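Consider the two complexes below, in which chain A is the common component and chain B and chain C are the respective partners.
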Partner chain A sequence: MKLTVIAAAIAVPCNLVFGLAASWAIAKFEFVGKNVLITLIDLPFSVSPVIAGLIYVLLFGAQGLLGPWLSQHNIQIVFAVPGIVLATIFVTFPFVARELIPLMQEQGTEDEEAARSLGANGWQTFFRVTLPNIRWALLYGVLLCNARAMGEFGAVSVVSGHIRGLTNTMPLHVEILYNEYNFVAAFAVASVLAFLALVTLIIKSILEWRHGGEISAARA
Partner chain B sequence: MNSLPLVSEVSRAAVAIPAARFSLVKRSVLPGFGISLGFTLFYLGVIVLIPLAAMGVKASGLSWEEFVKATLSNRALAAYRLSFGAALLAAAINAVFGLITAWVLVRYDFPFKRVVDAMVDLPFALPTAVAGIALAAIYAPNGWIGQLAAPLGWKIAFTPWGVGVALTFIGLPFVVRTVQPVLQDLSRDVEEAAASLGATRWQTFRRVIMPAIAPSLMTGYALAFARGLGEYGSVIFIAGNLPMISEIAPLLIIGKLEQYDYAGAAAIGMVMLAIAFLILLGINLLQRWARVRGGEG
Partner chain C sequence: MAVIDIHAVSKQFGSFTALRQVNMAIKEGELVALLGPSGSGKTTLLRIIAGLEFADQGHVSFEGVDAATNPMVKRRVGFVFQHYALFKHMSVFENVAFGLRVMPSGQRPTNTDIKRRVEELLELVHLGNLAGRFPTQLSGGQRQRVALARALAIEPRVLLLDEPFGALDARVRKDLRRWLRRLHDEMGLTSVFVTHDQEEALELADRVVVMNNGEIIQSGTPTEVYDTPATPFVYEFLGNVNRIPCQLEGDHASFWGQSILLEDLPVGGQKRTGLAYVRPHDIEVVDGRATMGQPAIVRHVSMLGSIVRVDLAVEGAERPIEMELSRTKFQQLDLRTNSAVHLRACQARAFPA
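After this line comes the complex of A and B, so read on.
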């Protein structure tokens, strides 16, 4: 249970920072290879979650490429918390960036250029001009990112190793209970997750309703 | 304008090559290009590209015969067939009903429309494991819907049909959400013009509406298909997971992993990844094609 929150609490801020950096670079500047970069950012969306888990097992697992080095230094990534966090980051990778890139591209660079010419430094420009412009879309992206991070099953299932009490997130717990024919408990945990999803949907609908114009570019 | 001090602060990448026309980066007065792109590429590399490359390295450790044996065994072929067949079928069902759903949501006003609109996203927001056990419970022979089909001799859960049901559930939001904005932008004037020129409703739909929404419909179809191909959480509970019959390709990877056949798992992973990448490429080409058509029209 706690692990679900930990994984989301690490994965969401990581992808938030990444989303901001990526959309700043992509939306505010012109450079060669931009479309390739956007495609690569979208890649985790079309990769099966099972493969997302698999690649970390292959990289960090005991038989993996970095496995011998990691075990020498006594670092456990796969079948432990870091692996779950990494897998969660992977599957929620594009969410924030995808919401922000179209919106920031539409908004252009004039506001920021004006701020700069009035003497604001880079961070001032970002926090006083850019961030207020994109805050609702940012919140929207974070919301979706968080929902997926809390609910991810396939990728986490592969890297978790199913160690009860240690590497057990809520969706994995549902599976364990279900396979033990403990249906009542399984559906109880599932209901908690479904309730979280419902809350997410309600906040999302309110955001769309109140600030539709400011996030609409991201929905096209 | 005092542009000189600004230019001096522009990221080094931009300044290093002042001839803007030939440089890789267009000059800009905004700061932070170097650091933001650098961080983006670093993060992308660490989280996505290096691990994916690791899978390629692992799979290339196999000889060609071993690779073929791992990826083209009868069991693997049966799994691909099921994964592809179910994903294609589910995406096709979603294309039809997703289009109808989007149409209703855009064109008509009815009570609780906002609630229905929000509900469309439920399969997307619901954790897949939750969707999986709920669908399995409902479509099982003693479940609410399963017991209606059971007397007809039709088992849904724990057969390939169950896979189709789960993938249909998962894919619906993708079609609706890609078609909806395009339908919204479609002006009703053209339809009225078509009607006033004597077109029947069906002709209007086929000749006027369909060409406008076809690209987005195909994009939605491809997205739903790609998602269905890789889907794991919601499927395993309802599929029954019998080898050769109701075993999906992602489950095959997990099976290989549990037998410590890492290279075999990597090989099947590579095949699925290659397919996913081709689909993504197809989506991008479709979108470009749609943009060109939209620009002309």
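After this line comes the complex of A and C, so read on.
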């Protein structure tokens, strides 16, 4: 349980910042490599999470590319918390950016230009104009991102190593309990997860209902 | 003295040349219209003056200071966007106050000063009672005025407007035009606005700059550009015009049995063909019994409020000739469909074809 929250608590803000930065760059500026960036953002959608997990093992595992260097410096990533966080960040990568890019593209740059012509600097423009324009879509993206972060199974399963009490997130725990024929416990944990999902759904519906217009650009 | 000096400015977007070698000076207190069809580079020029876009070549200077060394804030330029670009999440009051609130803490007025200043501006644009509304609750004309008040809040020396009346209906547009002209004069601003509407440019501006394909074709007072267009393009862009084939010889153009002196467009000695440009209101009907002038037949009559437009068929011309005359004159002449008349042009300019 604790690990699930930790993983989400690190992965969601990371992807919030990354998603914001990426969509800001993609929607408001022209630069070389823009299409490559968009493709990269979509990668986690097209690659199976299990493969993502395996790549992490390949990179950071004991026999992996960076393995020797990591063990020299006494850093453990795979089969430890950092691995789980990294895997979670990877699979939740697209949620915020995918939600924001269409909206920001639709809004264009006129508001920002207006702010600039009135003397606002970059930060003032961002916090007073850009952010308020996208706040509800951003919240929506974060919510989806969070839901996925808590529920992720595949990638996390590969990198975690299933060490009970140490590297076990809730979805993994459900699997272990189930395989041990401990149905009562398995369903109890599953219910907690389901409850979290339900809360997310309710918040999501409220957002859609109250601020549908501002989010819908991403839907259309 | 020139407030803004634009020197040999060029701008390229990919393979599209938006501006080529544009030179222009804008004097203190002037109200200048940049007039041209879409894609003529007029908006790009405006955005370069504002500092929203940068010239590939050439430079823009404000009162002798090169703008490149002068960021947008210091230029003290107010910009009104075509679609107003009001901040949707802010009230009218906050929109207007924005430019004051983002000032560096040293220069920023106190809250009471901001409040007083914004209220003054809202009074100026006649929106004092709508301070608490949000942009989505306003009509197009009201939004336009909020955008203006917002731009004026930073006390600009120069006011730039991108198609300021483009999205408004005809009636509101007319009122706002007159109001803007008054505002410009009262506040002693220097203003530049972009438009593709020749009527707007002619009515509002002190000087009209006609652009096409990234170049300035002609610049002059509304009377100058309307009465003595430099090229056929300017002729056609500034209102309706009839094109009549003519013979050019020496400094004369002859058509319809009349001969017109070409003032500033002498064309060598040899005879050649050209086109004479005649405005619809410069065509008149010669006395019915006379045999002078060009015979023509009335095809269609349309009543356009105070004036009457008559379409006439002239033998050998593929397009009908358009003539405009006052209602009184029309009644005197007693023109009907299919009646035969003789025409002459009282003013024309000709260009080699």
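In this section, the second predicted complex is superposed on the first by the 218 of 220 C-alpha atoms of A that agree within 3 Å, B and C clash if a C-alpha of one lies under 4 Å from a C-alpha of the other, contacts with A are read in each partner's own complex, and residues count from 1 in each chain.
Rule of thumb we're sticking to: a contact is a pair of C-beta atoms (placed from the backbone, for glycine too) under 8 Å apart; a residue touches a chain by one contact, two chains touch by 3 or more.
Bear in mind the structure is a predicted one, so any value in this text is a computation, not a measurement.
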Chain B or chain C, by number of chain A residues touched: B
Contacts of A:Ile202 with chain B and chain C, given as first, second, both or neither: first
First, second, both or neither for A:Gln124, with chain B first and chain C second: second
Which superposed partner A:Phe153 touches (first chain B, second chain C, both, neither): first
Which of chain B and chain C A:Ala114 touches, first, second, both or neither: second
Which superposed partner A:Trp24 touches (first chain B, second chain C, both, neither): first
Touching partner for A:Gly61 - first (chain B), second (chain C), both, neither: first
Shared chain A surface residues [contacts with chain B and with chain C]: 113, 116-117, 121
Residues of chain A touching chain C in the complex: 110-111, 113-121, 124, 128-129, 132-133
Chain C to chain A touching residues, read off their complex: 50-52, 72-73, 77-79, 81, 83, 85-89, 98-99, 102-103, 150-151, 153-154
Complex interface listing, chain B residues touching chain A: 1-2, 6, 9, 24-26, 28-33, 35-37, 39-41, 43-44, 47-52, 54-55, 57-58, 114, 117-119, 121-122, 125-130, 133-134, 137, 177, 181, 226-227, 229-233, 237, 250-251, 253-254, 257, 260, 262, 265-266, 269, 272-273, 276-277, 279-280, 284
Of all residues in chain A, those that touch chain B in their complex: 14, 17-18, 21-22, 24-26, 28-33, 35, 37, 39-51, 54-59, 61, 63-65, 86, 89-90, 93, 109, 112-113, 116-117, 121-122, 125-126, 147, 150-154, 157-158, 170-172, 174-175, 178, 183, 186-187, 190, 193-194, 197-198, 200-202, 204-205, 209, 219-220
